[in-house]
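What follows is a set of structures to go through.
Here come two complexes built around chain A, the first alongside chain B, the second alongside chain C.
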Partner chain A sequence: MNDTAQIPEDRSVRDGDGAATVVPSRGRAGAEPTRSRPRSQQWAAWGFLTPVVIYLGVFYAYPLYRNIDLSLRNYTVRSFVDGNATFTGPANYRAVLDDPTFMPALTHTVVFTAASLLLQYGIGLALAVFFTQHFRLAATLRALFLVPWLLPLIVSASTWSWMLNSDSGVVNAVLRAVGIGPVNWLTSPSWSLASVVIANIWIGIPFNLVVLYSGLQSIPASLYEAAALDGANAWQRFRHVTFPLLRPVSAITLLLGLVYTLKVFDIIWIMTRGGPVNSSTTLATWSYRLGFGNALPAFGHGAAVGNLLVLIALVFGMVYIRVQRKQQAS
Partner chain B sequence: MNRSTGWRLAAASLAAVVLASAGTACSSSTGTSAADGGSASAGGTYTVWDPYPQFDVGSAWAKLLDTCGSQAGVQIKRTAFDTSDLTTKALLAAQQGNSPDVLIVDNPVVSTLAEAGVLTSARESKVDTSAVSPNLLAAGQGGGETFGTPIGANTLALYYNKAVLNAAGVDVASIKDWASLTAALTKVKAAGKKGITFSGIGTEEGSFQFLPWFWGSGAQLTHLDSAQAASALSLWTDWVKQGLAPNSVINNTQTTSWQEFATGEFAFAENGTWQLANAKKAGFEYGVIPVPGMTGGTAPAPTGGEFVTVPVQKKTARYSVSDKLVSCLTSADNSYATDATLSYIAPTPTVQDKQAAADPDLKAWVDAVKAAKGRTSDDLGTKYPKISEQLWTSVQAALTGSKSPQAALSAAQSAAAH
Partner chain C sequence: MSTRHTSWWKTAIGVLLTALMLFPVYWMLNVSFTRDQDMRKSPPDWFPLHGTLEGYRAVIDQQLPYLGTSLVIALGTVVLTAAIAAPAGYALAKLRPRGGGALSFVLLVAQMIPGIIMAMGFYTIYLKLGMLQSVPGLIIADSTIAVPFAVLIFTAFMDGIPGELLQAARTDGAGHLRTFWSIVLPMSRNAIVTVSLFAFLWSWSDFVFASTLDGGGAHEPITLGIYHYIGNNNQQWNAIMATAVVASIPTALILVLAQRYVAAGVTAGAVKD
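The block that comes next holds the complex of A and B.
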């Protein structure tokens, strides 16, 4: 915020909006020379800034603080109501890390996130490149690909669990028709994670498609013409023109996808409840189960798992910034 | 360029944190907004929270609340929540000091809320529970106190499809115990139909559905690893292994299990009183028998249904009106009408008999409710949620074949006792 306060006030307001919409996409020309301003205008600047600061404080900083506080205290239902939970420091974290569910949940989170990201990005990019060839009905088809994004998650997740039903699901019916025995998609511990990954990839493709497609639009056609004149074939044009120029867009797509995928909860919960026997439990569903899954909530443990998730997202955010800085420096 | 880039990167990383925390942090801190309209409101307005969002303003239930309010000389402000949200909402409201005056909540939650000090005991709120069947009231009792009174009860029994049983040559009267039930299922399978469907999902619903078999074997919730418990879990596991029950039971909720039964392919479905209305619409002849015990008799099924409770208020003077509201809602006449809308069995023997006399279909259910048992009864109280979580996990482990029934239950017992 300090940084924002120093720049001219007409800008600082727009910056405030930028903070709320997460990714400021408009390029900003070089900084104007800072002139000294009358005091009243400084106050006006702060006035414009206040709503944003209050908004961030109330809806982001305070919940985050409460979550950290929750994770450092021994909450029972009674102390939750009375508000006199004893401070236990890292005891909740230790309990969570020692829990036999922790390692499987972490592994599943990593597998779920990595597999989802890789395939969402790969398929999204392939489709984006495909749609840059302007053919008839391309726009209609592209709009159709957005459907998974527009459907409420509860609808798509329920539909997937219905399609993947062991006995009456359409997927097994098709497999049977081609002579493959039924797969217990949601009820076998060895398949349940794969099933939720498949559903999540399907849901994530539109986001990757849209962002990467708009990234492709900004690559000048002249570069492709030049490459074609130099005798580059389609693959070489993709490998040496498209992919490198798309790198910044790819990076932000993957980062947002990562954060989004880490915290995926609804799809898994609706399709498998994290089961059978934890076989599709991720940190997000585990956190929910600890906090709300049975009649006797363990808020402290749930909050601790939630904070570990936040920490993981933060680490990757840092990695992203590092990589960006390096790219800019070179 | 440099400065703006730095800012943008900072924003991106902030966004990352915020997005990731939104799922967890909010759930623990929002909800306070939903808790407004608490008891602090001025004058003669009393707040009632219920888990019946399916009933809108014009429904008989909402009208009953208003009638009870005007009889007590107060205005009623009603808020309906999804039943799974209500525990957290009630805890948060108590934390903020704005609990509703009357809270209608699922019976296994009562002991948790009582443990939290959210609910007044019947001694304090003067709610009269003398007419209620003891086996139903037990779910809301702990430490010698009673917290609230049941508004109605439901439980589980076996629905059967008459046509499927006839085609397989099974006489439903022959089903007296587990062996005869399994024999009937085998006949049905041989006749090309499907045996039985139930819900073995990894949530409270899974435990709820397993309990009639668990208790029917003579097992106790305090000893999950007993030989009786293992025989109950083996029964389910063998059914799935032999194809007498579909593999989908592992992921079935009670609703999806019902949908399977409604296809008309299944001979039996374990389901609740609340499906009666749907059963009449199913388009085939059905019947209901209680869940049999291992060696005969009726197995105790767990009770479902809500308790009407009076949460703790700073102004204790409010309890007298709250008590009037509770008495009105649970009075014989109103309970008869309400339980008809909810498709519940009444909590008092007198009204139960009236229900059975008016609708012979309800007879089997009244019997089942009379044999039923609260999950938090036997002074288990807040120990139940932990035991139940281990129980449904062991059911899932056995049904998927990842552990033998005995091994799964032994692991569950050591985790529950931990």
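The block that comes next holds the complex of A and C.
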């Protein structure tokens, strides 16, 4: 009991939002030298952490391990059930790298991610700047902008599928009204990737808007006033005040968006299944199709593609964490 | 005088932009009320003038079991996520465990692993354990979307609980468990609400785990209900969109009742699956 009674004393120093005053513990001051990490507290801490540690081991690490194992063996449907697939080393990786689908899938992943990010960020930033101006209903309208992000992806994807339908879709009806011929959004190889990018941008705008808006809130108004006094117009104020000061938030938003966009699967799969003829296949949808989308599943290949995707996501994930840590430190 | 003028002007633009952004949502509603014979009309009806409830009748006839399953799975995910994440958040925020930084790092990385890769790993494990097409199996898989985020949220919120309070509890003889249960948890109401909202929404919306781990099962969630609809009867778009509307009800409720928690969750950092 002695030990646990000691803890609050030095905790209060840390928690008292920066104030260096030590709250005296009742009549126990000096009874024992203050340690920063008493052993009993360590035991308690890891007691509280035990569930999450077991959870991470069983439901994260083990599935990932199984996935790596899967990618290094020659699995057939039969050996998948029996569990005695032969170890083949990097054969699956070599096979997917040599596969004619690999380069298109990689290119589509890059194009999908870059186009989505750029437009989500651009539109999100424009909207964020717009919403920082004070006008009636601003808060309500900003809240409504969250809707696309909160909707289940299958709802958004199926709605967009029907809107982009070649014959009966509302998008083509509008285009027809202004004299543009019907576009086969989802059924032509030259448009399918653009279609899923459009839907994905729509879904991603709210996230960019909310994060960038909160970033804009932290820029002091006095800077704008000073710039205005110096005769800067609205564009110059944005260019020389807003944009540079928003750079840290922008970096976080884009990097996080990158990691999340790399793994987008639902929207593409529901709208086009990666087709027609692989024209909207990304690494994520390809991996799924190899493992689950065929009558004859190629689990080994699917896992190999999946692990390549994890690798790419983690590289950018590390960059994100580094940037975030650096920002917090400064 | 002039400021009021510009303010109204901006409101008009704002309303226009919002309308444009939410047009797909309006269209989903419109199509859900459209009669079968008007579905392929050109140009389409912009308003459901000859509205029908056929689509919603189909939802009630065919989709109720799916909705029930989704509700059970989403609530299960909320409970599991909170039960694992809340104690972890307390330890990381208030007990300064050795190696806590490393654990936070692992959680951050875990959040970045694509769901499709997790699904493949879960599939091989569940196949062996006979847990494919089971509701508990899907609850566990769905919780992996939310747990890392939940720990980060709990840690951030609980960090703000004044140390003096916990100190007072300890001097009065409360152990760690009691302090956590009687003081920390009740004070973390906002964190619990935020975590529950996101865990519910993500689990309710999950398609990747449902389609890989639960496809063809006796209890399928609503996302698969819609997916089968799209695959099977391509023509009945009023029924498909009506199901989509019903599947969006949690979104609408959250937006109306708990919008401030959503904003808090987004800005607290790494979200969006």
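The rule is simple: the second predicted complex is superposed on the first by the 279 of 330 C-alpha atoms of A that agree within 3 Å, B and C clash if a C-alpha of one lies under 4 Å from a C-alpha of the other, contacts with A are read in each partner's own complex, and residues count from 1 in each chain.
We take it that a residue touches a chain if its C-beta (ideal position, glycine included) is under 8 Å from a C-beta of that chain, and two chains touch if they have at least 3 such contacts.
All of these numbers come straight from a predicted model, not from anything done at the bench.
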{"item": "Chain B versus chain C as contact partner of A:G275, first or second or both or neither", "value": "first"}
{"item": "Superposed model, chain A: greater residue contact from chain B or chain C", "value": "C"}
{"item": "Which of chain B and chain C A:Y224 touches, first, second, both or neither", "value": "neither"}
{"item": "First (chain B), second (chain C), both or neither touched by A:F102", "value": "neither"}
{"item": "First (chain B), second (chain C), both or neither touched by A:S166", "value": "first"}
{"item": "Which superposed partner A:L262 touches (first chain B, second chain C, both, neither)", "value": "both"}
{"item": "Which of chain B and chain C A:G317 touches, first, second, both or neither", "value": "both"}
{"item": "Contacts of A:R78 with chain B and chain C, given as first, second, both or neither", "value": "first"}
{"item": "Partner chain(s) touched by A:L146 [first = chain B, second = chain C, both, neither]", "value": "second"}
{"item": "Which of chain B and chain C A:F238 touches, first, second, both or neither", "value": "neither"}
{"item": "Footprint overlap on chain A, comparing chain B with chain C", "value": "4, 7, 15, 23, 28, 60, 62-64, 66-67, 70, 80-81, 83, 161, 167-168, 256, 259-260, 262-263, 265, 284, 287-288, 291-292, 299, 302-303, 306-307, 309-310, 313-314, 317, 321"}
{"item": "Chain C-facing residues of chain A, complex", "value": "1, 4-5, 7-9, 11-16, 23, 25-26, 28, 36-37, 41-42, 44-49, 51-53, 55-56, 59-60, 62-67, 70, 80-81, 83, 127, 130-131, 133-138, 141, 143-156, 158-163, 167-168, 170, 173, 176-177, 202, 204-205, 207, 210-211, 214, 256, 259-260, 262-263, 265-266, 270, 284, 287-288, 291-292, 299, 302-303, 306-307, 309-310, 313-314, 317, 321"}
{"item": "Chain B residues within the chain A interface of the complex", "value": "1, 3-30, 84, 87-88, 91, 94-95, 108-109, 111-113, 115-118, 201-204, 246-248, 250-251, 260, 263, 382, 384-386, 388-389, 393, 396-397, 399-400, 402"}
{"item": "Chain A residues within the chain B interface of the complex", "value": "3-4, 7, 15, 18-19, 22-24, 28, 30-31, 60, 62-64, 66-67, 70, 76-78, 80-83, 161, 165-168, 182, 184, 186-189, 252, 255-256, 259-260, 262-263, 265, 272-278, 284, 287-288, 291-297, 299, 302-303, 305-307, 309-310, 312-314, 316-318, 320-321, 324-325, 328"}
{"item": "In the complex, chain C residues that touch chain A", "value": "7-8, 10-11, 13-15, 17-18, 21-22, 24-25, 27-28, 31, 39-44, 83-85, 87-88, 90-92, 94-98, 100, 103, 105-110, 112-118, 120-125, 127-128, 140-141, 143-144, 147, 151, 159, 161-164, 166-168, 170-171, 173, 175-176, 180, 201, 204-205, 207-208, 211-212, 223, 226-227, 230, 237, 240-241, 244, 247-248, 251, 254-255, 259, 262-263, 266-267, 270-273"}
